[in-house]
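Letters A, B, C and D mark the chains in the order given here, with residues in each chain numbered from 1 onward.
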Amino acid sequence: MRIATLTSGGDCPGLNAVIRGIVRTCSAEFNSTVVGYQDGWVGLMEDKRIQLYDDEDIDRILLRGGTILGTGRLHPDRFKAGLDQIRANLEDAGVDALIPIGGEGTLKGAKWLSDNGIPVVGVPKTIDNDVNGTDFTFGFDTAVSVATDAIDRLHTTAESHNRVMIVEVMGRHVGWIALHAGMAGGAHYTVIPEEPFDIAEICKAMERRFQMGEKYGIICVAEGALPKEGTMETREGEIDQFGHKTFTGIGQQIADEIHNRLGHDVRTTVLGHIQRGGTPTAFDRVLATRYGVHAARACHSGDFGKCVALHGEHIELIDLNEAVGTLKSVPHARYVTAKAMFG
Amino acid sequence: MRIATLTSGGDCPGLNAVIRGIVRTCSAEFNSTVVGYQDGWVGLMEDKRIQLYDDEDIDRILLRGGTILGTGRLHPDRFKAGLDQIRANLEDAGVDALIPIGGEGTLKGAKWLSDNGIPVVGVPKTIDNDVNGTDFTFGFDTAVSVATDAIDRLHTTAESHNRVMIVEVMGRHVGWIALHAGMAGGAHYTVIPEEPFDIAEICKAMERRFQMGEKYGIICVAEGALPKEGTMETREGEIDQFGHKTFTGIGQQIADEIHNRLGHDVRTTVLGHIQRGGTPTAFDRVLATRYGVHAARACHSGDFGKCVALHGEHIELIDLNEAVGTLKSVPHARYVTAKAMFG
Amino acid sequence: MRIATLTSGGDCPGLNAVIRGIVRTCSAEFNSTVVGYQDGWVGLMEDKRIQLYDDEDIDRILLRGGTILGTGRLHPDRFKAGLDQIRANLEDAGVDALIPIGGEGTLKGAKWLSDNGIPVVGVPKTIDNDVNGTDFTFGFDTAVSVATDAIDRLHTTAESHNRVMIVEVMGRHVGWIALHAGMAGGAHYTVIPEEPFDIAEICKAMERRFQMGEKYGIICVAEGALPKEGTMETREGEIDQFGHKTFTGIGQQIADEIHNRLGHDVRTTVLGHIQRGGTPTAFDRVLATRYGVHAARACHSGDFGKCVALHGEHIELIDLNEAVGTLKSVPHARYVTAKAMFG
Amino acid sequence: MRIATLTSGGDCPGLNAVIRGIVRTCSAEFNSTVVGYQDGWVGLMEDKRIQLYDDEDIDRILLRGGTILGTGRLHPDRFKAGLDQIRANLEDAGVDALIPIGGEGTLKGAKWLSDNGIPVVGVPKTIDNDVNGTDFTFGFDTAVSVATDAIDRLHTTAESHNRVMIVEVMGRHVGWIALHAGMAGGAHYTVIPEEPFDIAEICKAMERRFQMGEKYGIICVAEGALPKEGTMETREGEIDQFGHKTFTGIGQQIADEIHNRLGHDVRTTVLGHIQRGGTPTAFDRVLATRYGVHAARACHSGDFGKCVALHGEHIELIDLNEAVGTLKSVPHARYVTAKAMFG
């Protein structure tokens, strides 16, 4: 057989481990070959492809963040308009099955290709951990680890200066990273998009700490956090004199509000891109490798229109439909558990 | 209510996070108090107990390895003979429920106490990940991370010197640490207790690497690895002139054999205790905290004779029976998946 | 003898290691006792003091960031007005010598106390590495390590997305952190306050990388970086509709300018407080401990009005005058060396 | 000009950073080219050479441990006998100057080549930090960091189990790694080759800890540690029934002796090769890069027969004679300072 793979959407620690898992499994178990399309769907449409050999080069990528294939985004309309081209390119290259690695958007594309007769097995990818039907996605553990390291460091500086420290982490739509990093880092409050926050309650929690003599506090805030309606005015990014948007993130806005209400010194750190780059944790390397192995096997057993998923200790195949319906958000019960550790 | 807890058996990163989880949940959700017995079952029998307060001290232990309660081992016979003493001590202290945190042996003790009418909720603990009925135990991810870091470091020194490097990791009875660290570290061969090894096959894999121009190899060996019968003579520890046992681990023995057969320079690193000490990974801190929260809740809902367990995304309660029957070993299929990455 | 110590100014990884070094040396070598004043000079004036014992508590702080004594800032006028109070407090407490640990401002205060007859030995402290007369200050190596880890992570995400990434590090007046982190992290350009930048030159360097096929770039920017006069308009913080200053750091401004000139996708990460918190590196723990030991010894040998300093392999005493004259900035030759690695 | 370089002796984190520093400086400052000889002196004699280009490949090696050129050892007699061959090979390749990177043995070879008219600039390399005439060698900080991380982890497991833990670190002839890692890790005793140990004194220090209620201890032992004459019998490696030498390191021997004398549970961890592999610390990357830059410059300014060295904040050139006379050992005064932190 001849398998093709590509990585699409935002990068994520572990992408290379999946690619390596596919290539080595194809070679070791099936004597099949693998080609990689560069820059996501774009590369598939423009036929930018490279042969991936089971050699020392593929072996060394296990530790590398990012993706050796590059990534990119393509508008769904352009994507759909390119179906014939995609079909032709795959045929020309003698590709028997395609393994797209990507987030919800990518998997939707994979589903559509599958519905149009192209043999596809998807691999879910998101540092946000918001893909339905799988316990964890690779990259998430690395993002949580980076954020937790940062929170560990902020404790001592906050404490030395009697400050409240806000750490804003990734999570525009779901709060998994904030939930886990906040719990792992011992944050005294955590704010996630799924649970609109009440600034008065946050202030009360901080105030209680200062009254008890613990004169500092750490608050972990997902970038997509939102106040309960009517409890706090928030700002959109503004346009400055140079025509650039000067965005003040929700973390800084919460910081301003706490400072205004309580008078404490409040500082904000926005972790940003360091959460998605760099070498994956051991957990993510194992998960990504297993995804790669099982995706390669699914291609060879003809299990198309499916997506690999982690269920407990096992990698299983789920229908692509299951993965792309809705985002997996933090259940209320999990937030209640997190709350027991606040304060 | 008044809850008691203790930690028993080998230490494990995350024990303190469980204790913190219990104390804070009891305080935040139930307004209950918690006492800790020191040095495991011994402390329970000898009534060595300390009050655990929901204050900054308990808050700070999240990051600390080891256990603030100390740990210990007690012979099952002595343990059983002490039932009346245990019962009296718990009664004296006004304890309504006991949460023992420990491995298979400890959970067996917990089961026995439960059968004898003492209200018990167990928390499984083992860096070896060999407790039945739960996807993961805390401490395991930390051990795998430490071992993976070590393997990452060994690659470059092995390569610079054209050496085969053996890294011996923990796992006397099961190979979970070796399996995961070997896969995460990109080891070229991994040997686990569940799959008796054929030294000729290992040598062939190394030889193939040297022939292909990759003049080094990394082999990850669980300390409990054993050869297939008749394929390699192994040695027990000997008694030296000072009366001390000079144990040569299985890693070194494999190293000697490879050197003898292939002539390559082969070196061994035995990771030892650094795998079980130190600050837990973010993953383990979250898992351990959740175990603590749910054990405390189970006590308050009267779910005794149970044990907390991770099933996919959820913490659930399983019967203590389920946890203590047999060790959870690496299934053959998982080893086959690992093998696809060898070489 | 009875020694007093205090920590003043911004916190810095290694402060606790200095305190531990003082306490243990006083105990082990001189059988002297140590008191700590809390919250910097303020605590000295307000007589907020605690006894520091050579016990397990002092032993455990080696790994902790921040300062167990707390820190604070005091206006020089208030400080000077308090001389009699300071003198009285030290006398009341039976203090024979004072070891203030702090940056340039603190050492100036120390000098002034010394000139007024108070026996003082200073310990230089700054993550910025800008104290004159010493090769390195503790905390600097930790800050550089944190920043380098971040840059390592940004490489792969920048590369996967064909982006220019700006990482803004600490250094308002001097560029040591940027210089070292930029070199250690393999940044393709580094901008420091000592060397006003030419945005056109930076753009040219980035453009050259894209032309050569390396479609990404990393630029390390000290927060105090400034453009060459007339080469780029920069903005001060503005006041938004809520009356808050919306500061756009120099890193973001450089990002905007590169984007405008070249059209590339450019992103900014501001590392902020994580550079000054958390456990110190091994290098900083050793340096800080040695500073503490030698400051304690200097007190006992009557070498007052001095400051400990690292010269090559040795800790020596320099005159406080030497430490407080001017900031130690990056020499032009060092920047030229850094430039050889750009691009 | 045309510069050649090679790496010789044991590998060391930072070798690749030196190579990168040479290549980029030659390209950026002098428009010179660089060739690399593989496997140390052997490759020079056998003319195994590769062109090193200033491209992305050379850029990426900054983070990689080991050496892309490989390394090797050559008997001094064979080396000297090969002078004519070396001269011929360098001439054939059009090499104008040679930069050997290595330890004391390599620098002796460099000195001898220089005496025989070959233009040479040496770069000192040893994780042991034992080269004369330079404050630090690269690789040392990485080794100390790895050892310190290990000691950090051992504290909590030792404490939980009331154990004495021995950690044996590298240092056959000098104790720099043990001295620094012991101080950074807060070891309660450190043993180095320069200061023969008295086992009774070590036991007394441990006993004092147990009496004071701190029921554990960490002892950092350099592999080359030796007892004071007559104070403790030590063993050489023995030959077991399979003809293999069963070496029991000095760490284990000290452990046995403490156990025999005090009865405590004592465990040993031998860190081994993980100290010399893997990605260099930020400190080592900067030092190694600067060594490379200055070695390249020295070649172009004709400063032959010299060796780069770190003196305080500056890289300077010293005579090769100065580097190769004797090993730089730990001065007694440094050990006295370390001792203030014991116990």
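Heads up, the rule we're going with is that contacts are C-beta pairs under 8 Å (C-beta built on N, C-alpha and C of every residue); 3 or more make two chains touch, one makes a residue touch a chain.
The chain list, named the UniProt way, goes like this: A, B, C, D = ATP-dependent 6-phosphofructokinase.
On a predicted model such as this, the values are computed, not experimentally measured, just so you know.
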{"item": "Lowest number of touching-chain links that must be crossed from chain B to chain C", "value": "2"}
{"item": "Most distant chain from chain A, judged by the mean position of its C-alpha atoms", "value": "D"}
{"item": "Inter-chain centre distance, chain A versus chain C - centres from mean C-alpha coordinates, in Å", "value": "34"}
{"item": "Rounded Å distance between chain A and chain D, as computed from the means of their C-alpha atoms", "value": "40"}
{"item": "Separation of chain A from chain B, taking each centre as the mean of its C-alpha atoms, in whole Å", "value": "29"}
{"item": "Numbers and ranges of chain A residues touching at least 2 other chains", "value": "152"}
{"item": "Every chain pair in contact, whichever chains are involved", "value": "A-B, A-C, B-D, C-D"}
{"item": "Interface residues, chain C side, partner chain A - complex", "value": "7, 10-11, 13, 15, 64-67, 70-71, 146, 149-150, 152-162, 165, 233, 235, 238, 240-242, 244, 246, 248, 256, 267-274, 276-279"}
{"item": "Residue numbers on chain D that touch chain C, as the complex places them", "value": "20-21, 24-25, 28-29, 55-56, 59, 62-63, 135, 141, 144-145, 147-148, 152, 180-181, 183-186, 213-214, 281-283, 285-286, 289-290, 293-294, 311-313, 337, 339-343"}
